[in-house]
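First subunit A sits with subunit B, and in the next complex the same chain sits with subunit C.
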Partner chain A sequence: MIEVKDVHFTYPTGVKALREICLAVQDGEFVAIMGQNGAGKTTLVKHFNGLLKPTEGEVFIDGVNTRNLSIANLSRKVGFVFQNADYQLFCETVEEEIAFALRNFGFDEKTIKKRVTWALNLLDLMQYRKTSPFMLSGGERKRVALASILAWDPEVIILDEPTIGQDYHQKERLRQFIVQLNTQGKTVIMVTHDIEFVADCSPRVILMSQGKIVAEGVAEEILTNVNLLAQASILPPQITQIFLNLKDLGLPSKVINVHEGKKILLNFLGAPA
Partner chain B sequence: MSVFEGLRFRRVSSPIHKLDPRVKFVYVCTAFVVAVMFNELIPLLILFFIQIPFILTARVQREWIRSMKGASLLALIIFVTNLVSRYLYTGHVWSVPLVEYSLGMTFRFIVLVESFSIFFLTTSPDHLSLALEQSHVPYELCFAFTTAVRFVPVLAEEAQTIMDAQRARGLELDRGNFIKRVKNYIPILIPLIVNSIRRSLQLAEAMESRAWGASKKRTNLYILKLRGGDFGIILFSLLTLSIAIYAKRYILIPSIFAFLPI
Partner chain C sequence: MAIIETKNLTYTYPGGTTPSISDISLTIKKGEFITLTGPSGCGKTTLCRCFNGLIPHFYSGKLEGDLVVKDLRVIDHSISNLARHVGLVFQNPENQLFALSVEKDVAFGLENVGMPREEIRKRVDWALQMTGIENLRERAPHELSGGQQQRVAIASVLAMQPDVMVLDEPTSFLDPLGAEKIFDVINELNKKLDITVILVEHRLDLASKYTDHVIVMDKGKVLFDGGPREIFASEEVRMTGVGIPKAVMLYQALKDEGIHLKEVPITSKEATQLIREIIIHDRS
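So, the complex of A and B:
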């Protein structure tokens, strides 16, 4: 469980990136953090594995204050997938890349081998096992980065902008994959601008603006609240926009799922669903 | 990274910022020459202190202190190396001149860092490029130089992000013996270098596609011209240099301990 208590954070340059953040993420929850550029999303999630320590206030991971644990120690529990995979790839082969973190955490060679194979299969990277990560495409590099984090099986997975640069097909696979991780009991926290992606996942949504949390709640409530979204410079999902415009017909306005929307419309039009 | 911080230009307006960069460069060269001329502590101390008013006038003291902090480790190494080598060289006796000599060497370094950081803290990259161009340096070279300067902070920021990313994968930078610690930096250096090469290729492509170098003769919106303050600094530099040469030739520079009750 992650608890954030009255956290303020100021960068050494004097930028106040977080103000009065209070938040609790339960084990096994699925959370999406949204908000405009510079809202402080990345800054907030960097507190969850100790990369940043609050200037004021405390962050607790499973009841332990992050000030008292090293980043390596916290990372064992909280896996952080960075926005840009190019910031972490450095090994000669994909296989080595995935094994790197496992070596740091002191797994034995036999376990490392098993885990690497497992992670390669999981993300469909088996054919690149011996390839240099630098020779892969952007989307593939991102998957290698993800595999290298999942390999040590952290309880919490943080994804910073996971959908950037992924084609529709990969995005859909990523979504299924994230949902699957979550149903297996992992806590998933993702930072994203991709509202359609969030609508499809339907997690708990946290809206941030100018270093503060401006709203939180289930996706159906937040993503259909036009005023709230405008505050965070976000447009509602397309399906929601349609239903908001059809409000006069007496249709429900809190729709974020395309399949659900289809059902309601067909019902309304009297066609057999 | 704090050394880089100290070289990072921030747009402030002050009499020092308004000076012609060429003049400031003359001043830095003067400081450099004078610092190299003397081994003794007293002139180097004087050189250190006469630059402080410039820093205060330019209101860059905070950044300057940060860059000095960044240089302090190197200064310490210089001090210790000098002290130990002199000690071994002069026959294993500790003496006051020994310490003074080492302090002098350290201050020579500090003065150099000080004047360079004044120069970089108060000169915008655009100004610098303009100054180079008007000194008839080929434009390609000016451009390469200013781009390099401009990308230093970007690189520093990127290094920080890469460190974060690798730490999140369990890398502990300050663990193990010396060799292990150096090796720990490999996962940081490789992405940093690869990204820099990628970025330079991208930059080249972006420039080509914006017709870089299409016209042979370039014109500038701003032209640098010497003004009152600039002549003042030139005068000051010449004066410092003449005093230094005079002192070097005709004055026996006393030990600082002649003035201190030791």
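So, the complex of A and C:
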């Protein structure tokens, strides 16, 4: 469980990035943190694996204050996939990249091999195992970064903008895969602007603006609240926009996905010939 | 008038065993707003690198076929020469920005072509204003957020007022409203200054309303080349994993149930209108 208690964070440059953050993420939850550029989303999640320590207030991971834990210690439990994969990739081959952290954590070679193969398959990277990560496309590099974290099986997985540079199929795979991780009891926290992806995933949504949490709740509530979204510089999902515009005809407006939208319209129109 | 013409363009990176793009034949007309899309790894970025000569002059490797940009055969002209005509905004802005201030980064290309100081000043001011980052003028690019860096990268290319702007996922780090602002800027450049725009983008829901010509690539080849509405109606394109707008998916889902909207909507506004018509018709 992650507990954030009245956290403020000010960067050395004087920029106040977080203000009065109070938040609890239970084990096994699936949470999306949304908000505009500079809202403090990434700064907040960097507190979860100890990359940053609060200027004021406390962060507890499974009851232990992050001030008393090293990043090395925390990262075994909390895996962090960066927004920009280039920040975390440096090995000569994809395979070595994925094995790197496993070696650092002291896994034996047999387990490492097994885990690497598993992660390569999982993210459809097998054909690149001997390729340099820097020869890959932006979207593929992103998958390598993700594979290298999943390989050590952390309890909490933080994904900073996981859908950037991913095409539709990969997003769909990523979604199924997050759902699968979540079903297995993993806590998944993603930072994202991708409203359509959030609408498809339907997690608990935390909305941030100017260093503060401005709203939280289930996706259907938050993503259909135009005023709240506007505060966070976010446009509602396309399906929501359509249904909001049709409100005057007596259609419900809290609709975020295609399937549901179709069902409502079918009911509304009666069974067509 | 064609501003970019490729004929059977095929390219293999040095050390590569298979071509990254193969047999690409395209015509891009002056003033068009093109969206170039396709699954990750399909060769979009590679094709863009050909337009300003990074391929083959910087990356080397093996380039076959023909590529003419603004009447210049790319193979015969240097990157510096081609850069006056084709500006490329990289996918990762950090790979493009290097100066100690935003202003200097935006001025760099202009200094390189030997533009008079006063003109540089004017162009920099204009580019910063167009991209909405005048307040970042003195900041160091490497200290900015990903979204702000993307704007700086666009400004630095924009300042050159090239004939063609190639933007490789220029809004990937931006929030949707930020992305829309950038698309508006790009659209304005396209309409007002007649700059030909080639936008590489997965988020077709955001981009399609500006586009008049979509090129879909898959496995190094051009799979589809036409208008946005035709593209979204194509089963073949849908199968490749191109990001179809949700409005189009709703259209398809309704069609599967026997409800036919009059045409394929590409924006939520169009979808609203089409659904409204059907409901009102149903009631009368």
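Rule of thumb we're sticking to: the second predicted complex is superposed on the first by the 271 of 273 C-alpha atoms of A that agree within 3 Å, B and C clash if a C-alpha of one lies under 4 Å from a C-alpha of the other, contacts with A are read in each partner's own complex, and residues count from 1 in each chain.
As a working rule, a residue touches a chain if its C-beta (ideal position, glycine included) is under 8 Å from a C-beta of that chain, and two chains touch if they have at least 3 such contacts.
Computed from a prediction, not measured in an experiment: that's the story for all the values here.
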Once both complexes are superposed via subunit A, do subunit B and subunit C end up clashing or fitting? clash
What is the contact status of A:A72 with respect to subunit B (first) and subunit C (second): first, second, both, or neither? first
Identify the partner contact of A:S209: answer first if only subunit B is touched, second if only subunit C is, both if each is, neither if none is. neither
With the two complexes superposed on chain A, say which partner A:S233 touches: subunit B (first), subunit C (second), both, or neither. second
Contact-wise, after the overlay, does A:D86 reach subunit B, subunit C, both or neither (first, second, both, neither)? both
Partner chain(s) touched by A:E140 [first = subunit B, second = subunit C, both, neither]: second
In the overlay, answer first, second, both or neither for which of subunit B and subunit C A:T43 touches. neither
Which superposed partner A:H169 touches (first subunit B, second subunit C, both, neither): second
For A:N225 in the superposed arrangement: first (subunit B), second (subunit C), both or neither? neither
For subunit A, which side has the bigger count of touched residues, subunit B or subunit C? C
Return the residues of subunit A at which the contacts from subunit B and from subunit C coincide. 84, 86
Looking at the complex, which residues from subunit B come into contact with subunit A? 158, 161-162, 164-172, 186-187, 190-191, 194-195, 198
Can you list the subunit C residues touching subunit A in their complex? 13, 38-41, 45, 91-92, 94, 143, 145-148, 169, 172-180, 202, 205, 241-247, 249-250, 253-254, 257-259, 268-269, 271-272, 275-276, 278-279, 282
Give the list of subunit A residues in touch with subunit B in this complex. 46, 49, 51, 70-72, 75-76, 79-80, 82, 84, 86-90, 100-101, 104-105, 134, 148-149, 152
Can you list the subunit A residues touching subunit C in their complex? 13, 35-38, 83-84, 86, 135-140, 161, 164-171, 193, 195-196, 199, 233-235, 237-239, 241-242, 245-246, 249, 258-259, 261-262, 265-266, 268-270, 272-273
